[in-house]
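Next up: some structures, all given as structure tokens.
Below are two complexes that have subunit A in common, paired first with subunit B and then with subunit C.
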Partner chain A sequence: MSEVEGMTAKQKLVYYQDKMYKDALEGKAKGELVCWSSSIAPCEFCETMGIHMIYPENHAAAVGAKHGALAMIEIAERRGYSLDICSYARINLAYMDLLVEEAKTGVTPKELEECPGPRIPLPDVIITCNNICNTLLKWYENLAVELNIPYIIIDVPYVHHWPIPEYTKEYIADQFEYAIKQLEDLCGKPFDRQKFIEVQEQCQRSVDAWDRAMGKACIVPSPLNGFDMFNFMALIVCARAKYAAEDTFNTLADELQAKADRGEDAFKGGEKFRIAWEGIACWPYLSHTYKSLKSLGCNMVGSTYPGAWSIHYTVGNMKEMGAAYCKMYSNTELAHKVDVITDVLTSTSSTGITYHLNRSCKLMSFLNVETAEIVKERTGVPYVSFDGDQTDPRNFSPAQFDTRVEALAEIMEENKNK
Partner chain B sequence: MYTLGIDIGSASSKVVILKDGRDIVAEEVVQFGTGSSGPDRVLHQAFTKSGLTFDDMAKVVATGYGRFSVEQAQKQISEISCHAKGIFFLVPTARTIIDIGGQDAKAIKLDKRGMVSQFFMNDKCAAGTGRFLEVMSRVLEVPLDKMAEYDSKASEVVSVSSTCTVFAESEVISHLSNNVPKENIIAGVHASVASKACGLAYRTGLEEDIVMSGGVAQNEGVVRAISKELQKKVIVAPHPQVVGALGAALFAYDEAKKVQ
Partner chain C sequence: MSKVETIVANFKAIASNPKKAIADAQAKTGKPAVGVLPVYTPEEIIYAAGALPVGCWGKATKTISKARTYLPAFACSIMQSIMEMELEGVYDDLKAVVVSSPCDTLKCMGQKWKGKCPVIQFVHPQNRGLASANTFLVEEYKLVRQRLEEALGVKITDEAINEAIEVYNENRQATRKFLEVAASYPQIITPVVRHAIMKSRFFMDKKDHTAAIKELTAELEAMPVEAWNGKKVILTGITAEPDEFLEILEEFGLAVVADDLAQESRQVRVDVPDGDEDPLMRLAKQWQNMYGCSLATDRDKKRIPMLVEMVEKYGADALIYCQMKFCDPEEFDYPLLYTQLENKDIRNLMIEIDQQANSLEQIRTRVQSFAEMM
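For the complex of A and B:
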């Protein structure tokens, strides 16, 4: 009998995540290769080569959600990293230093031992794609240089115009081929094209299941609360190329549909308002932000996140795969962002939206000021912005957040009564 | 019928008691905010002066950062909605509110019915708030209530360009050590507050009438600086410091009427 048989989606999420970290640690001990990858870099190549994948952003988010961020951030800042750098980067660079110290001395540093996030092994190769951020390039380069390991970069041009031009697709597809060559050199074995097709097929099934599960947020009232979406996101990031993701999301979709069929919703009948959340979660304050919104009857049903991992392409078509990784929400021009958010608001029947002005993520945050105003003009849906950070707990004020969302709820209430 | 609104801010506590949702029978301010003796003291003062008690209040609504600490309140409403309600009651032609309190600066856009159609607040920073003025008042050894007077005598507005309160404090100290007249420095401090507040106000679209509220609206120097920056007339709301409490009392009246 399969170990996951009979498990709920939440149980599967925990099981598969733990297994991935465990497999990577055990694999590393046996001499197998480990890759550290940015969250929306193509995972298909390393997966084909049988390389264990670790996602520093996801790991940093887990450290943040478990209230271990500040200890790591302080180490990074003591070592000279500016507080203006992305907090995921600071956490990860500090974590890497601690792992290196442990490897050199044989003694586990106290901060590493006390870090509440999952233990991860040091990488043998780095892969990144600048489709979500350009700070990543230097952060991951720093890892590669300090550890003296190969660095695979997939550079995708910013999308200013649609459709994505052929030369852009060719440029990315050529880099895919070069990445394959780099991996062949590293692994000392040829790239298995047949296995690659199977991996791509798995990715497409995982993405379909993800879309299916996240689509349940459109049901009114919603059986899905968006903060669960933030948690389930871990698997679409880390296990897109594995059956684990497909299995978990299909279970989740079935559970949510059954819940909706029974007339139940995420708030046990308390869904008063449906809102969208633009930006990364404030991981150290996940519970606070959730409870604050819930106390107002606000279910966060809309986000641009589900769409970020909705990476569809025709299996076997490298250029199409390149385009799919290129047109990430964060890598596209303002008008497209406005279209995406408008669509999120419409499809989820959201009557309000919060924009997280994230100190760590300048690209998204600066654009959000303009995006918010255009979306408001187009849809009439009221919005609030709040200051925060994805994992640096010093940049968020719970009281300021509460005031803003309370006022948003009051405006939505007034709009209802119009 | 009496209703009570209490606004517990970061720097002060305010109470308004309304009769029949129309007449202000008590308005009190104590310069101590949430977590201090301020809320109890301001209530005591309001009841002593009006001769009323909590038992006489049909409803109580609390607002401000300390809104959840008032046991007697039947409802809590954000200061954004309360300021909008209070201002619209006092100045029905208001379409833009600039409110500067102890640690918040906000700009609120109102529709013709007095409803909030959009609002913008300062980020996680003391620049452009009452706290900024308090810090500068201490460094300059000029009481807060005298700053407007100094400002009116300024021969020029010196630059206080740092948005960070701590850096701006250093800038002011540097001006003082260079013997720049306090009047001119204070005009610069007021311009700095105005610049931050106007940054928020511009985003509302600046429909007139523009009305100012909050404790800082009592400082004519800041009001002048804001008016100059916006190049528009700025009306100071009557009872500027108790506008939030007034809005809360008006909401309390609406609630009380629902019960009747």
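For the complex of A and C:
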């Protein structure tokens, strides 16, 4: 760990992320296995088997944030993918096509060479969990068929009546055993149950550290700028099963606490309003959305992201682990979704909330009207909605965003003066 | 009017006026109606409750106004019209409505029902090869049964479900037989007629539908097969509505010899397996045995070879991909299927199906040039 000694949390974030991509590429070159995984799929199984993990959503977000989305999206559309499909999926499926072409011809396609995101290797196996959406099932089905590789599915059925029923937990736990069998067949070696326990323990420590760091956003004024949270999220996605996540988030938590103790906040004393952001970030416009909010003195302190990776369970208990992966608020009934968002607002003392009507994400958009109305009724916190997309830059209007958040700031100002 | 013409006219009347058809069926059977949203629901449980399952697959609605408040424009067109009708009170006479959750849109639709009757939501497992998936689905079906009992004030027995399975299996078998026979009689079973016969399943007591379809099949079989001078196509997708679209196919001499539409053949593709076990387990196994559908996760995407085989089996000249607007499960299957069809030199055309379409002129032009190319 000497390489990271003395590093700030941000430096560690960059270091560990780069290392993971590098290790996966080098590992692949040596014949080691690589798995592509959805962002909140259980990483514990592949980690136990020593498989390198790559997260296409995270990768697509990075491509989007670096303004490389359109080139990929055009390739996907040429291939026949509708522009109505999730833009993460389009970017990834296009990227996969380019990697396949490179592997077949030995020549790196121009678009791959010019893609600003990190290079990733092709997978030998894929794993997805539909706790985020059923779109993932189709996206990964296409990857499995195109690449002719094993497809591990962790199906966490939509919880239309909260709480999660026992029979759902049993079904998920059984799928874990099937996933283990698939991995044993692929790797040609038995699954090491003792190592699995150690991996689970690491995941729990990483999640505790994540909670601790993200919890600093509750301090008023907040030492954490919510857009940094969007960036740090990469590690809880990609490195939950590694010490890297625990280390980085503990450093971050310490830094934020020290900042708060010094009486400093993320906006250098300029935190006028505290707001929540419901939905995925608009990665190509991260800077615009951040600056727009900052100019109004709005610190985005509330988000459902921290809770999404707050995956707690008793180590060794497969049913509890299943429930932990199933409980994602977008995978649960409206009433529970409302509870989760209400909790975000109250715990972070947010006095406004923006809802991202995300063209790429039907599941995180189609209940927005009902959610927003009930949450407002319950908390009195005003909301605005804006049209956007997680990575397709064509579906976001900076002017509309600015107008909406200005309106929100006005209402919050009025409420403040009441 | 010949016997065939009479039976066909009756099917067409039912399909074109569901409200009257449902009222007639209720008057005849005395049964209350329970709505069933797309795509797959174990209607047998509803039937066993002594109710009439009624399909709710939207309708051609040129303007969506009330639904706009609750559903963004990028929700699929079928759910747009359902939401519009929910808000217009079209479904308020139903005793309950059952909503499955095979896609992200339907997950949400089950949570935002605006009609007055109770909504009963359930979810199919997607890791379908596993025994535990069946056990899970049995528990979901138990909930459906329990909530239907509450909504209808009845007790649904295993015996009644077993009987309903018999009725439905017979209907599925009879419908499949009809479709096989109908492929040889495109002059009579035109695309519009074929669709009406399939659609009327949603508004009739299945026993009556079975009797009518068996009668029609027997009449057809007694008729000589005439040479077909036009071309033969296969339709795949969620639905191939409205009738105006099917009329365009007729206009350019395209016969529908088989389909893989969720609203049509997929509904009758797989029977509930026989056996002495719990009828809910038998129903669960039907879902496990389902294949070739974009909404039933399949690691091998066997829908693609299935469609290629269908083209060969029916000697079809082309395949038409009826892409429901904003239906992403179908949108994901298309590029892979397209590549395979092109590799095998199978002619194909993708048409966007939109229940809110103002004009089908663009589709007419595309179908015309497609037919001319064949």
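Methods note: the second predicted complex is superposed on the first by the 416 of 418 C-alpha atoms of A that agree within 3 Å, B and C clash if a C-alpha of one lies under 4 Å from a C-alpha of the other, contacts with A are read in each partner's own complex, and residues count from 1 in each chain.
Following the convention adopted for this analysis, a residue touches a chain if its C-beta (ideal position, glycine included) is under 8 Å from a C-beta of that chain, and two chains touch if they have at least 3 such contacts.
These numbers were taken from a predicted model, which means no experiment stands behind them.
Novice: So, A:416: does it touch subunit B (first), subunit C (second), both, or neither?
Specialist: After superposition on chain A, A:416 lies in contact with neither partner.
Novice: Looking at the overlay, what does A:146 touch: subunit B (first), subunit C (second), both, or neither?
Specialist: A:146 sits against subunit C, while subunit B stays out of touch.
Novice: Quick check on the superposed pair: does A:373 touch subunit B, subunit C, both, or neither? Answer first, second, both or neither.
Specialist: first
Novice: Return first, second, both or neither, reflecting whether A:404 touches subunit B, subunit C, both chains, or no partner chain.
Specialist: So A:404 only meets subunit B here.
Novice: Examine A:84 and indicate which partner it touches, taking first as subunit B and second as subunit C; both and neither are also allowed.
Specialist: second
Novice: Return the chain, subunit B or subunit C, that is in touch with more residues of subunit A.
Specialist: Partner touching more subunit A residues in the overlay: C.
Novice: Which of the two partners, first being subunit B and second being subunit C, lies in contact with A:165: first, second, both, or neither?
Specialist: In the superposition, A:165 touches subunit C alone.
Novice: For A:357, using the defined touch cut-off, is the partner it touches subunit B, subunit C, both, or neither? Pick first, second, both or neither.
Specialist: A:357 contacts both subunit B and subunit C.
Novice: Give one of first, second, both or neither to describe whether A:181 is in contact with subunit B, with subunit C, with both, or with none.
Specialist: neither
Novice: Take the contacts of subunit A with subunit B and those with subunit C, and give the residues found in both.
Specialist: After superposing on chain A, subunit A residues 357 contact both subunit B and subunit C.
Novice: So in the complex, which bits of subunit C are touching subunit A?
Specialist: That would be residues 69-72, 74-75, 101-105, 107-112, 121-127, 130-133, 135-136, 139-140, 143, 294, 297-301, 304, 323, 326, 328-329, 331-336, 338-339 of subunit C.
Novice: Going by the contact rule at the top, pick out the subunit A residues touching subunit B in the complex.
Specialist: 357, 373, 376, 382-385, 387, 395-397, 399-400, 403-404, 406-407, 410-411, 414
Novice: What part of subunit A is in contact with subunit C in the complex they form?
Specialist: So the residues of subunit A in touch with subunit C come to 79-82, 84-86, 89, 130, 133-135, 137-139, 141-142, 144-146, 151, 153-155, 157-158, 160-161, 165, 167-168, 170-171, 174-175, 178, 333-334, 357, 359, 362-363, 365-367, 369-370.
Novice: What residues of subunit B sit close enough to touch subunit A in their complex?
Specialist: Result: residues 65, 76-81, 104, 115-121, 123-124, 203 of subunit B touch subunit A.
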